[in-house]
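Have a look at these structures, which come just after this line.
Two complexes follow with subunit A in common, the first pairing it with subunit B and the second with subunit C.
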Partner chain A sequence: MMNDAKLDFLKELANIGTGHATTALSQMLSGRLFQLVVPDAQMLPFDQAADYVGGLEQVIVGIFVVVSGDVRGHMAFLLPVDSALVLVRLLTEDDSGEINELARSALQELGNIMITSYLNALAKMTTLLMAPSVPGVAVDMAGAVWQSILAGAEVTDEVTVIRTEFFADGEAIEGHILFLPDDDDFKQIARMLGLEEV
Partner chain B sequence: MAKTVLITDDTAFMRMTLKNVIEKNGYNVVGEAGDGEEAVALYRELKPDMVTMDITMPKMDGITAIKEIMKIDPGAKIIVCSAMGQKPMVIEALSAGAKDFLVKPFDAERVVESLRKISS
Partner chain C sequence: MTEVFVNMGQISAFKTQGILTTVGLGSCVGVTLYDDLAKVGVMGHIFLPRSRERDAGAPPGKYADTGIPAMIDEAVRLGAQRSRLKAKMAGGANLFPNLNANSTSIGTQNIEAVTEHLKKHGIAIIGKDVAGDYGRKMRFFVDTGVVTVTAIGKEAVKI
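Entry: the complex of A and B
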C-alpha cells in the first residue's frame, strides 16, 4: 500500500538515478541532449502502469533487464518509436527512419547505459550490488512490450514509473524508466538509506 | 608495425564505435568478439597486443573471459569497457588481471589514453 513516506522516498531515488542516467545519455550523445523536466515519479498498480506509459496500442521501444545481486528485480527504459528514431539518428547518423539491426543495437546499448547508470547511482548510495543482465530489446505495441518486460517478474502491487523528457537536436524526446525491485529488496534499499518506515 | 587490438562487446553498435576510435588513433583492430567465449577463442588464434572487454555478455561474461585469457597468457593486456561501474565489479575485474577499467559512456580520448598507457 502506498503512503507519503514511500512516495517521497521513491521520488528521491528517481531524481538521483535519473540524473545519473541522463548525464550518461548526454555524454553518449556528445552533449547534444539535455533534460527538460524534473523527472516525475509515480507508483502505479501493476495493471495501470502499461497504460500510463502511453496506451497499450502505441508502438514503443523497450529495453529491459533483470537485476540480480543484493537487489533483485526488473528495470526497463521505454520510449515511443519516434523518440527512439531521433536517438538512433544521433547515434548512428542513419536517418532512414527504420529500426534496422544497427538501430536495435544502438538502442540496446543506449538502454544498457541508462539503466546501468541508474543502478550504479543507487548502488553507490546504498553499497548494495545491483547487476543488470544482458538487455532485451522489444519494438512492438506497448501491451506486448510490457509482457516481455514482466515475463518472470514477481507479481507486485505497484510499479515505479519515472517519466522524463529530453531535448536533443531540436526535438523533444519522451522516456519512461520502470523500476521494479522485488518487494523485500525495496525495503532493503530504504533501510540502507536510513528510512525505517517505508 | 601498428599494435593490434581485439574488441569484445555484445552490441554491434559499441564494437563499431570502438573500432572507429581505435583505428583512427593508429591501432589495428584484428578481431571483434560478441561474447566472452568468442573473445577467448580469438585471443588464442590472433594473439593481439591488447584487448577491450565488456563485462555483461551472453554465453560467457567478461570476468570469466579475462580469467581464461590470463591462463593462456599471463602477460595479456586487457582493458575493461563496461557500463557496470560498481565497486565490487571493478575490484573483481582488476583482480582477475585487467589493467584498466573504463566505465561507459567514455570519451574516445579516454580509450586511446588507456591503450597508450598499457602498451608502453
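Entry: the complex of A and C
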C-alpha cells in the first residue's frame, strides 16, 4: 500500500506533466490561460475503476495513447463533447457544432501535443524514456471509452491513476489528463528521483 | 421493475422479472444467459478473454474463461436448466482502431473467447450485436428474455 508521501509524489508528477500539457495547449490557443485543479493520485481497486470517470453514458471525446520506453503505461485526455467543440472552433474556426473528420484530426493533434508535453516533462526530470504512440480518438459514451482504456492497460486487481483536471479562463473548456503507468515501470520513476522504492 | 447495473467483471441475475443493464460496453462483452421456461436470466460483463495468474483474486466474471462457467452455475442455482440456456452477446468493439492496426483488438479477442466458451458448454448464441468501433449499452428484460442494445447516434437494436 502507498503512504501519503508517495501519493503526494504522484500528484506532484501529475501537476508538472499537466502544467506542461496545458502550457502547450495555451500556446495553440493564442495564450488562453488554464487553471489546474489539484491533481488526484489513486490506487483504484478494479471494482471501483469503472465509475472513476463518472457520467458513464455521457458523450465524451477520448484521446488515448500507449506509452513505451523505460516507463510503459497508458495516457488519456478526456473531455466533454461540448469542451471539445469549443476547442475545435478555436483551433479550426469550424463552428458547425459537430465532430467531423477535420475536428477529429484537430483533436488528435491537440491530444498528441498535450500528451507529448506531459511525458517530455516527466522524461526530463527522470532521464527515463517515455514515448507515446500515435493517438487514437473516440467520440463515445464515457463508460465505453474509459473501459476500453482500462482493458488496453490490462488492469489486474488495482490500477494506479494519476489525474489532473483543468479549466480555461473565459471559455467553457474543461478536461482531464490521466496517466496509468505500469506498476513495475512506475517504480523506476521514483527510483530515478531518489525516492525510496514505492 | 427493478433494474440492476452490472459493472465490469460482475455477474448478476434475476428470476421471473427485473432488468439487468450494462452501460459503456467498449471492448468488454456483455453476455446474457436465459432459460425461458424457468424465467431465469443472468448477465455478465466480461473484461478480458483469459484469466491470468497474476490476477488470481479476480472475480470470475472478469474473464471469459472463468466467467461463462460462473454464469451457468448462477443460472442453475436459480432454477434454470442447463440444457435450456440460450445466450446473447453485445460489445467487443474497438474504439481506437488505429492503435490496433497490426494486432487483434481486445474486443475481437473477447468476442472469440466468449463464443468459444459458450460453445464448449453447449450453449447456443441466439442473438448478438458485436464488434465495430463504437460503445454500447445493453438491457436485458428477464420477464421476456428480450435484450436491447443502444449506441450513440444509432437506432436501438433488439436481439
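We take it that the second predicted complex is superposed on the first by the 161 of 198 C-alpha atoms of A that agree within 3 Å, B and C clash if a C-alpha of one lies under 4 Å from a C-alpha of the other, contacts with A are read in each partner's own complex, and residues count from 1 in each chain.
Note that a residue touches a chain if its C-beta (ideal position, glycine included) is under 8 Å from a C-beta of that chain, and two chains touch if they have at least 3 such contacts.
Note that the structure is a prediction, hence the values are computed from the model and not measured.
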{"item": "Which of subunit B and subunit C A:Met130 touches, first, second, both or neither", "value": "first"}
{"item": "Touched partner set for A:Ser105, first subunit B, second subunit C, both or neither", "value": "first"}
{"item": "Touched partner set for A:Gly62, first subunit B, second subunit C, both or neither", "value": "second"}
{"item": "Contacts of A:Asp140 with subunit B and subunit C, given as first, second, both or neither", "value": "second"}
{"item": "Subunit B versus subunit C as contact partner of A:Glu174, first or second or both or neither", "value": "neither"}
{"item": "Partner chain(s) touched by A:Ala151 [first = subunit B, second = subunit C, both, neither]", "value": "second"}
{"item": "Contact residues common to both interfaces of subunit A (with subunit B and with subunit C)", "value": "133-134"}
{"item": "Complex contacts: residues of subunit A adjacent to subunit B", "value": "24, 27-28, 91-92, 101-102, 105-106, 108-109, 112-113, 116-117, 119-120, 123-124, 129-134"}
{"item": "Subunit A-touching residues of subunit C, taken from the complex the two chains share", "value": "7-10, 23-28, 47-48, 52, 54-55, 57-59, 62, 93-99, 106-107, 133-137, 152"}
{"item": "List of subunit B residues in touch with subunit A within their complex", "value": "10-14, 16, 56-58, 83-89, 103-105, 107"}
{"item": "Touching residues (chain side subunit A, partner subunit C) in the complex", "value": "46-47, 49-51, 56-57, 59, 62, 64-66, 133-134, 136-148, 150-152, 154-157"}
